[in-house]
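Following: one structure in structure tokens, then a few remarks.
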Amino acid sequence: MKLEIRGVTKTFQSKNGALTALDAIDLDVQPGEFVCLLGPSGCGKSTLLNIIAGLDAPTRGQVRVEGKIVTRPGPDRVMIFQSAALFPWLSVFDNVKFGLNMIGVPKPARQVIARKYLQMVHLADFERASVHELSGGMKQRVAIARALAADPDVLLMDEPFGALDAQTRDLLHDELQTIWTETRKTIVFVTHNVREAVVLGDRVVVFSARPGRIKKIFTIDLPRPRQIESYAVVDLAREIMAELKEDVLASVHDPQVSWLQGMEAQRVGDDVL
Amino acid sequence: PGVVRFGYFPNITHAQAVIGIADGTFARALGDNVKIDPKIFNAGPSAIEALFAGQLDLTYIGPNPAINGYVKSKGEALRIIAGATSGGAVLVVRSDAGITSPADFRGKKIATPQLGNTQDVAARAWLMNQGFKLKEQGGDTQVIPIANPDILTLFQKKEIDAAWVPEPWGARLVREANGKIFLDERELWHATRGEFVVAHVIVSTKFLKANPELVKKFLVAHVELTQRINAEPTSAKLKLNTEIQRLTGAALPTAILDDAWSRQTITYDPIRASLYGSADAAFKLGFLGDTMPNLDNIYDLTLLNQVLKEKGLTVVQ
Amino acid sequence: MVSRVFQNTLARKLIFFAALIAVWQTLAWSGWWAEYIFPSPLGVAQTLARGFQNGTFVVGIATSMQRLLIGFGISAIIGILSGLAIGRSKVLDETIGSLVLGLQTLPSICWLPLALLWFGLSETAMLFVVVMGALLAITTATEAGVKNTPPLYLRAARNLGARGWKLYALVIFPAALPEIITGMKLGWSFAWRSLMAAELLYVSLGLGHLLMMGRELNDMSQVVAVMLVIIAIGLVVDRVIFAPIETRVRERWGLI
Amino acid sequence: MVSRVFQNTLARKLIFFAALIAVWQTLAWSGWWAEYIFPSPLGVAQTLARGFQNGTFVVGIATSMQRLLIGFGISAIIGILSGLAIGRSKVLDETIGSLVLGLQTLPSICWLPLALLWFGLSETAMLFVVVMGALLAITTATEAGVKNTPPLYLRAARNLGARGWKLYALVIFPAALPEIITGMKLGWSFAWRSLMAAELLYVSLGLGHLLMMGRELNDMSQVVAVMLVIIAIGLVVDRVIFAPIETRVRERWGLI
Amino acid sequence: MKLEIRGVTKTFQSKNGALTALDAIDLDVQPGEFVCLLGPSGCGKSTLLNIIAGLDAPTRGQVRVEGKIVTRPGPDRVMIFQSAALFPWLSVFDNVKFGLNMIGVPKPARQVIARKYLQMVHLADFERASVHELSGGMKQRVAIARALAADPDVLLMDEPFGALDAQTRDLLHDELQTIWTETRKTIVFVTHNVREAVVLGDRVVVFSARPGRIKKIFTIDLPRPRQIESYAVVDLAREIMAELKEDVLASVHDPQVSWLQGMEAQRVGDDVL
């Protein structure tokens, strides 16, 4: 499915005044494309995903999915939230089956599909556990299984691998790439890990600090499957990194932390995380 | 003590109390250094509770709660010291219920204000005397105890056919719900020449023992009020109604007041025989427990008779 | 393990209530007040024994429980459904919601004349009063539970395609369940209170009637005996029905 | 912006209630039922006007409100404190907690004799009945709120050194606040109901008394007028006191 | 303060049977030491921190702080939770002041201290915001500020930088190192980022997969301040990585994912994270 994001601006009203989280975002995501969003904390990445999901309305502008303006959520666009957002009243297994139930998959099939994805995230042993019995990373993996099981056309992933150890994350990177190659879902993937973005994305969209604007879009032409340690990935990541750094420094306008700038200076050659 | 805690209900059977409090008769009779603390109740059991709890010294009240209070306290808590009102209970039938003779009550529904109260007992006793079996005994005539206001509603809705009620409800059923008086309860009390107690005065035993002079002063006022009301019923009714309006927010329509008044007598005679008569009936109907309670000492009429003698009036038994 | 805990709990409870009764009996013996003002535990025990022997209490309990269960069942169903609806709809909240809240403040006794008028001298009139008593409490609590649902759950569910009744049944309802259970507990006691009021309607064999008779006859040991029966039933219902549900829900939600 | 929303809300509400009254009046005119069985809006309006003109309603409202405010205030303070205690202590929960739940099922009317006994025929007796009515609802709700507090908050607070009263005042209480508010709303209506029962105790000028008088006199328009006054007060209290608090809390907690 | 962890075992009872999260952990942390815990998701890292904090009781064994057995939490050991655990009824500012209030810091001082730490995490502009108005990374930063403001002797940090973009994280790494060098707090730091562990820690404790056992302890003798891109750091991280990888593969006993092992084989040279 094709996503067209046109002039999306989001301003939050709160008692301390208005806060513009996103400022006139224009972005097209082609059907089957894997787009990664990168940007400093609080620049509006989650907000943009929410708007695409139809969970929030933009203040101005619009998002179209296959030409139709998004007004509400639908099972064609499933989001993995930054906090796992599992339902505490359901077991792990039932959480994963939830989306299947919503889109009317018959019961026996639900079992099979749910089990498959739980195995994929290495939590087959925990299918009967309660949500509060899981560790942080385990919760996030259940959320990933729940979203993948629902098999939507568009996957919106908000730092899904943030709470995982490097190894588990690498395994899931591979899984995700396999799924994507096979099913050609449209994926919008938020991460704060530049190299993750380069490994996974067809394009990497870099946001500026608040108010979030698109600063630069990198097209990643590297052949797949990509290796996280390949020189090409590392080089590209480094380039994007430099771009981002500049922005972070801009956002640190605070005199008290101005020493940071000096410190940063000597770290320009910094490797990508 | 300096205070007499004095209970009464704002209704027409407590005429002496309502008027006497309003025009200061009691206050004058008891003297300057005694304060009257009036407490107004809506129902007998609350008044008895208050008396039990030591919050009430003297009150106007119906015969049933008095008997209950006496029996429950094993004769300790209270004494009846004077009568107040007699009569004022009727059996009303719905005009369109097709009841013309006692035999027509077969299969009908008769409402009474409260299970085991004077009217309820009277209704049950009367129906059984007519040879009816009540529903709970396997018969088809039904006695339904239900609050007076609801009786009116149900009469209007034709859910009940007859009601044995105190005044002014009899008068109201006649005027407002197309009822017709089938029987005035006075007709049943041959032995007491048509008199039967509907309200009297009780006093807590403790208070009576401690302050006989005060009780006597009260009784003087009570007797005077009774005489005054009977001498000038018209102005008494007017005063009574004004006071009811003040206490309850609404006056009785004059027609209803007059009608109801016509079926009751204001008297200081407690009509002892009627109380025993209705206690007997209540016991037979199973309302007073397993053994017939001994009511011998429920009355203490010495002071009343002293007062009557001093005034040159006939003493009561 | 579980049974040990249970035994401890039981033991603690027994001790607590035994102590309460002992204090009460001691005070009664001390002669602070006359037996007719407030009965002694022994007097109450006698009344209880008599009531159960001659069957009046048994009939009373059976009659009241039947009314209560039916009335409460109706209230629970309607209350939860309307609470779910009101909690999610601004328009309903502003119209019916405020009506419900207003009606809620009306004492049950206000409903008696209307119930008589609409339903006559029937069980229905009594049920109506019970329902009016419990319904609004359950509605209010459900509504609050719905409003207090963490928005994240709603977002996650809607995002996965939950809509319409499925959203209600599978997300909003379970998310609000802990509060709904509190509401049901309150509703249960509202139902009791209303039933007592309703059993004033006309003589009706129920516990409320027994209570009223005790009061009418100034028989305090009957009043207290019926109060104890009511408390006992309340506790049994709580322990046997509400507490296990509450515990399970809390465990499930990870609230323990 | 805020006032626009408010106006809309108000408009919607006015329309809703106006429509209700219109339907009622139409039905009354249609002659489905006699005026003495159920009054028409006009009849009620007349009674209301009269009641306010001659001051009886004003006095009734003032008297009842005073009792209610004092009684509710006491209940709120004691109820919240005991709910906080019971919610966190297993022993208290098993002893006093179950007693509270049992007592909660007792209709207010049961408390009248005891109130008389303990406090005599005084305002205190009336307050006692009101307090017994509202207290238990607030206690139960607070207790539930405490038990439903996400353990994460407790852990975070204890971890930062919160203990004793600070833990209660700064963490458990605010965390339970949304449920406590629900409990207060219910407690408020319990208080009303109990007050009506208490005002039957003896003639006492309050609204409950006016209601009873209407009933005694079969003056249905007085009954309905008083019911309307009660509903109106209930709504005003909800809109002016509870709703703003509720909204603020929800906003703060991010529940909207 | 010195921490002594002796034979700590934690078994969770749940309706699906018992689960041993930690198995006989022995570890001493010297006063002023910076220890990093590394291990696969669900191996019991958070559980161990909870036990040290006194929020959970061990099933067997004990934790001593300065020789005293830990039985309950205290403001001397403050934890930063994996999920921020901010109080929604308090503003950002009040959240940061909370711990100061608990330990009885007078009001005016609270203001100053709270403001200082909010500036440090670059959220000075948000002091009056509600918690739900923050982005994921912002919440985590408030939690960090809250814990640092309380100035405990022992800091227990559970993946505090997991939700942050690389730049913000690097800045906070520097801050943390500065604070630590100045105050010599005892810090136990959980992370899934091997290089982060190497940059920050005096020692890195590597856990095995469930049931969590200490597999190996690496002493990091590199001079400070350390650079995340320095060869020494990268090399050490690579070594630790290899150690961990083996364990992840062991935990993947599921036949359905056995292909992973083949895939992993070709990635042995994998860079850290």
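Odds and ends about this structure:
To keep things simple, chains are lettered A, B, C, D and E as they appear, and every chain counts its residues starting from 1.
Following the convention adopted for this analysis, a contact is a pair of C-beta atoms (placed from the backbone, for glycine too) under 8 Å apart; a residue touches a chain by one contact, two chains touch by 3 or more.
Just so we're clear, the structure is a prediction, and the values are computed from it rather than from any experiment.
Any chain bridging subunit A and subunit D, meaning touching each of them, is among C, E; the list is complete. Steps from subunit B to subunit E, taking the shortest chain of touch contacts, total 2. Distance between Cα centroids is largest for the pairing of subunit E with B. When chain centres are defined as mean Cα coordinates, B lies farthest from subunit A.
One inter-chain figure worth recording: subunit A and subunit C are separated by 49 Å, centre to centre, where each centre is the mean of the chain's CA atoms. We define each chain's centre as the mean of its Cα atoms; on that basis subunit C and subunit D are separated by 17 Å. Rounded to a whole number, the gap between the C-alpha centres of subunit B and subunit D is 37 angstrom. Looking at subunit A, residues 83, 130, 133 sit in touch with two or more other chains. Residue positions 37, 113, 117, 215, 220, 254 of subunit C each touch two or more of the other chains.
Each of residues 49, 52-53, 149, 153, 157 in subunit B touches at least two other chains.
Every pair of chains that touch is listed here: A-C, A-E, B-C, B-D, C-D, D-E.
The touching residues of subunit D, counted against subunit C in their complex, run 9, 12-13, 16, 20, 33, 37-38, 91, 94-95, 98-99, 101-110, 113-114, 117, 136-137, 140-141, 144, 147-151, 178-179, 181-182, 185-186, 188-189, 192-193, 196-197, 208, 211, 215, 220, 223, 227, 230-235, 238-239, 246, 250, 253-256. Residue ranges of subunit E in contact with subunit A, taken from their complex: 12, 14-16, 19, 38-42, 45-47, 82-83, 119-120, 122, 124, 128-130, 133-138, 141, 158-159, 162-171, 174, 192-195, 227-229, 234, 241, 244-245, 248, 251-252, 254, 256-257, 260, 263, 267, 269-273.
Subunit B makes touch with subunit D in their complex at residues 5, 10, 39-43, 46, 49-50, 52-56, 148-149, 152-153, 156-157, 172, 176, 247-250.
Residue ranges on subunit D touching subunit B, taken from their complex, read 34, 36-37, 56, 112-113, 116-117, 120-121, 200-203, 210, 212-213, 215-219, 222.
Listing the residues of subunit B that touch subunit C in their complex gives 45, 48-49, 52-53, 65, 68-69, 72-74, 76-77, 114-117, 144-147, 149-150, 153-154, 157, 159-160.
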